[in-house]
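Going by the order they are written in, the chains are A, B and C; count residues from 1 in each one.
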Amino acid sequence: MTSENNVTDTNVKIAARDVQVYYGDNHAIKDVNVDIEDKTVTAFIGPSGCGKSTFLRCINRMNDTIDVCRVTGDIRIDGEDIYDRAVDPVQLRAKVGMVFQKPNPFPKSIYDNVAYGPRIHGLSRNKAELDDIVERALRRGAIWDEVKDRLQAPGTGLSGGQQQRLCIARAVATEPEVLLMDEPCSALDPIATAQVEELIDELRQNYSVVIVTHSMQQAARVSQKTAFFHLGNLVEFGETDKIFTSPEDPRTESYITGRIG
Amino acid sequence: MTAALQIIGLPLPLALLIAVGVIAAVGYMLTRARAMTRAGGDARGLHSLPRYYGMTAAMFAAVPALGVMVIWMLAQPMVVQNAVLPLIPAAEITSAGTQSLILSDVKRVADGLDVAVAQGALKRADIAAMADDPSGLRETLGSVGVALGSDVKPYVLQAAEASRGLKTKGQSWMAIVVLVLALGGAALALRAADPAFRARNVVERGILVLLIVAASLAILTTVGIVLSMLFESINFFRLHDWKDFFLGTTWAPNFRGDSDLSILPLLWGTLYISIVALLVAVPIGLFAAIYLSEYAGPKVRAVAKPLLEILAGIPTIVYGLFALLTVGPFLVSIFGRGDEGLLGVEWMSGATAVLTAGLVMGIMLIPFVSSLSDDIINAVPQSLRDGSFGLGATQSETVRQVVLPAALPGIVGAILLAASRAIGETMIVVLGAGAIARISGNPFEAMTTITTRIVSQLTGDTDFASPETLVAFALGLTLFVLTLGLNVIALYIVRTYREQYE
Amino acid sequence: MTKSSLLVQDARTAKRNRAETRFKAYGMAAIAVGLLMLVILLVTIIGRGTGAFQQTFVTLPVTLTEGKLDKKGNRDLADIKKVSTFGYAPLLKDAFEAKVAEAGIETALKSKAMAGLLSKDAAAELRNYVLANVDQIGDTVEFEFLASGRVDGYLKGRVTRESIANDKNINAAQLDLVDALVADGSIAKKFNLAFITGADASDARPEAAGMGVSMIGSLFMMLVVLALALPIGVAASIYLEEFAPKNWITDIIEVNISNLAAVPSIVFGILGLAVFINYMHLPNSAPLVGGLVLTLMTLPTIIISTRASLKSVPPSIRDAALGVGASKMQSVFHHVLPLAAPGILTGTIIGLAQALGETAPLLLIGMVGFIASNAPETLADGLMAPNSAMPAQIYEWAKRADPAFYERAWGGIIILLVFLITMNAIAVLLRRRFERRW
């Protein structure tokens, strides 16, 4: 176990200690401890209902929007407790961006979708700067070439894969430090999935990326670290190669060999 | 039997209804019994349950007979009128307008004679004696409460008598035809009652036809609305220039004729009051809906929503009285004359005003706007909210920049529906808006609306041959077209909006 | 970009949070305004309407003088009937004079002015009593007469000594007498059952006006609506929901129904006037016509709610019935309809409540502008004889000149709302009791 003191010494971006999540009476996440590194892709895998998405939503406090949800324990980003009373979730979410399972572009133009975050956070001083931010974000989202001629077209008119890349561009436009992805490819076809996976690999250079996936192949393809969740417990966490080749826990082995899940 | 029922004071249609009912019931029992006898007393030998055989009899007896009765009652007035038309000297009919004028005279005299005979003020012989000089009739009819506009001319009396005769004859024939049909139907079913007869299938097909008829009644109502207003509107436009009606700027009905009857001042009043109402209802209703759907916890929602909806359940007459007796005087006490007014401005001279009616109508529309918008806002998918929150937007930013734009078409539809409500609202403006037709921008002045003029032109003494009365139908038709247009557009918008998120 | 700490709120976030608070406050304010309006409305209704349930009565012993009522002295009812209400007025004057003298009240008023404190109904009431109790002629009987509208208004604070300056109907001296008699206990406010059960009264007698007859008118209209709208509405819904093929005809019917639900109610009044009265010659002001018009108006509401309850019955129930060999018709009538019945009933009650409060169409078919003075005696009368209806009666009172009628109108609203609240409460209870989640 790494102690809290040396968290800052290593490359740790997010540190979770004894995290418990309750939905009403249901104990959804039990005693989760994990260190997520900067400039790394970390994958959360596990059977559905195992709590991997729930834990992901704790990292940017999206669970706050659900009335019956209660979180205890300690999650720190750069050493700062994000559940501290002084923390404004609005500021936190600007720092920790999120991409959802189903592409959810706003019913606005492509440009306005991407500009939405920079506008509400006041990241630009004028139109030219905003244009710059939008272009940069769309390039980083690997969709610039496809949409540069129709920035004013509605975002909902794009194909599923394009929509998801637009949502990723939208998320990176606010210059986050961490990017959370909740099964970002589950609604996409294989070609779009490949494009998004490629994108995730590029994003690793600037961000700490956490991705929830139900596909072990995807986890193996895109991530450096993998965490296996089962029934609300973090069963095993380590180098992706190691998890997939020589798991320590029998449950992990059962899952990756297809016996449970 | 019908005669006996009529003697105890029932009107003919009701008496016939009961008679047909009795025939159907007797037919049911006889047919059921006969089917059972033919099957040798064992219901298992029948194709259908015994009661279905009885039902065929009841259905055959009642449905055609009552159907014919309804159609007969609808058609008879028209037939009688056409039969009477040749009795009016061609020289008297100078235009289509005078024809309908004379026909309505005939109708009135005929009704008057019925009343007079029923009350014993006139005998058949008296009427016959007056055939050549019916000048005394006006007074006699006046004494039984039927006031006539002028002395009765001989040909009018003749036509009235003829129409009375036809009416009586028609009613007798109707009674005979209906009873024969009922008995015949029952007899037919009785004869068909055989174990092999597929009674259930016949009954079910009959019921299906009845269900279809019931469903078509909605169409029939619309057709009735349009036709009833259309015919009288055409009569109106024969008497009054349509250009003046639609484009003139003065509304001044005058019972001596030659009135200015233009819709523009009324339309202006209607729209002005509706706009004031929407200015009150839309912001309050919309913000209430936003709060209830985005912010309020389940407990607050469970209390506040039904409480607000009580406002929608209060009858409009209550709002009318509230406008006339509470809000109006309250506004006068603020904006009123000299020493009465709190502000010392002399903007308002009476309780009835655009502002009075508009404010109260606005209150009435708050729950209408809020519950429609609430539904629509709730239909915006949660994923859009999540997307916005995930980017670090506050709740109000999410609502203003994501939820509302997404819900906009639906909300526009809701506002259009509310506008249609406001335009068609009657009681609040009858009591709260005033009766002065004018085109003015001052909200403290009394103005009048389409609906109030419909009420005032069609209540009290009405003469269906004068443009002053008939104009109400042209107003009604305009109102109908206006609200129908708004409704169709609004319902279409709301429907496409809903489908988008389903 | 500089690294910022999450623990420190930056200026921009603070500003955004203030905007958030403001926005939320607008929402709360909107709810508050809506609820405030409801409270003001209810307080106004109750504050101004409860007075109608109390009425000022004058206790007055009247000597039924034989010489005035039965000159021949033979107690022959036919002869006594010849004495009109005018013949009873002197009795009231005398009685009032005697009462004032007995109570020892000093007043310069003539006996006619004293009797003016009584309702114009008093003489008729006295006459009715005498005709019913011929044997009491010659006796002195104690009566409780209605006080005139002005006296009633004075006791209720509506009429003041300032407000009567230009009033022909009452003067300051009369009010002095009223004060004295109130002190004496002869004039007092009591619960007024006649307001709930009685008939409307003419312009000059606001104190005698009641809601009773118009309530009966409303009752008959509701019977017509229930008898027609419920079966037709249910039949139409069953067809549209269970049998109708999906084609352009059913599309038109559906669009039609949702549009009819939004047509202004006054248009239905025009339809009623043109079709039922002008064309079919049904009598003016008859509850039957009112009922027919309200039926057409309520039908779309009932159809929409009935279809919703039919739709909420799961298809598995239909399949189960069809699976044991029931016909489609049998599956609907034996299984679907009974399961949907509570919902249908709830929708019908709500539709009826709507119809009960509707006024505008009734104005056009003549249910205002006259005095519905006696209750119908037979069913046919109840349907065909001219009558008013509760909301029309309220409108009628609101239009009259004497402010005493306004109190009646508010009181009438209380009665109307009691009916509406009861109906809606029944609907809510039904829904709670029978609601089924599939």
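As a working rule, a residue touches a chain if its C-beta (ideal position, glycine included) is under 8 Å from a C-beta of that chain, and two chains touch if they have at least 3 such contacts.
Values in this document were obtained by computation on a predicted structure and should not be read as measured data.
Q: Please indicate the chain closest to the centre of the assembly, with centres calculated from CA atoms only.
A: So the chain nearest the centre of the shown protein is B.
Q: With centres defined by CA atoms only, which chain is the most remote from chain A?
A: Comparing chain centres, C lies farthest from chain A.
Q: Report the inter-chain centroid distance for chain B and chain C in whole angstrom, where each centroid is the mean of the CA atoms.
A: Using C-alpha averages as centres, the distance is 21 Å.
Q: Centre to centre, by mean C-alpha position, how many angstrom separate chain A and chain C?
A: One centre to the other, that is 64 Å.
Q: So, what's the distance in Å between the C-alpha centres of chain B and chain A?
A: Here the centre of chain B sits 60 Å away from the centre of chain A.
Q: I need the residues of chain A touching at least two other chains; which ones are they?
A: Those would be 90-92, 95, 120-121.
Q: Out of chain B, which residues touch more than one other chain, so two or more?
A: Each of 394, 397 in chain B touches at least two other chains.
Q: Pull out every residue in chain C that's touching 2 or more other chains.
A: 16-17, in rising order.
Q: For chain A, which residues count as touching chain B in their complex?
A: 60, 62, 65, 67, 90-95, 97-100, 102, 104-108, 116-117, 120-121, 167, 170-171, 174
Q: So in the complex, which bits of chain C are touching chain B?
A: Within the complex, chain C touches chain B at residues 16-17, 19-20, 22-24, 26-31, 33-35, 37-38, 41, 44-45, 48, 231-233, 235-236, 238-240, 243-244, 252-253, 255-260, 262-271, 273-275, 278-281, 296, 299-300, 303, 327, 329, 353, 356-360, 363-364, 366, 368-369, 378, 380, 384, 391, 394-395, 398, 406, 409-410, 413, 416-417, 420, 424.
Q: Within their complex, state which residues of chain B touch chain C.
A: 9-11, 14, 73-74, 77, 111, 200, 204, 207-208, 210-219, 221-222, 224-225, 228-229, 231-232, 283-288, 290-292, 294-296, 304, 307-308, 310-311, 313-318, 320-322, 324-326, 363, 366-367, 370, 394-397, 399-400, 417, 420-421, 423-427, 430-431, 451, 454-455, 458-460, 464, 472-473, 476, 479-480, 483-484, 487-488, 491
Q: Residue numbers of chain A touching chain C in their complex, please.
A: Residues 77-78, 80, 82, 84, 86-88, 90-92, 95, 120-122, 175.
Q: Chain A touches which residues of chain B in the complex?
A: 297-298, 381, 383-394, 397, 401-402, 405-406
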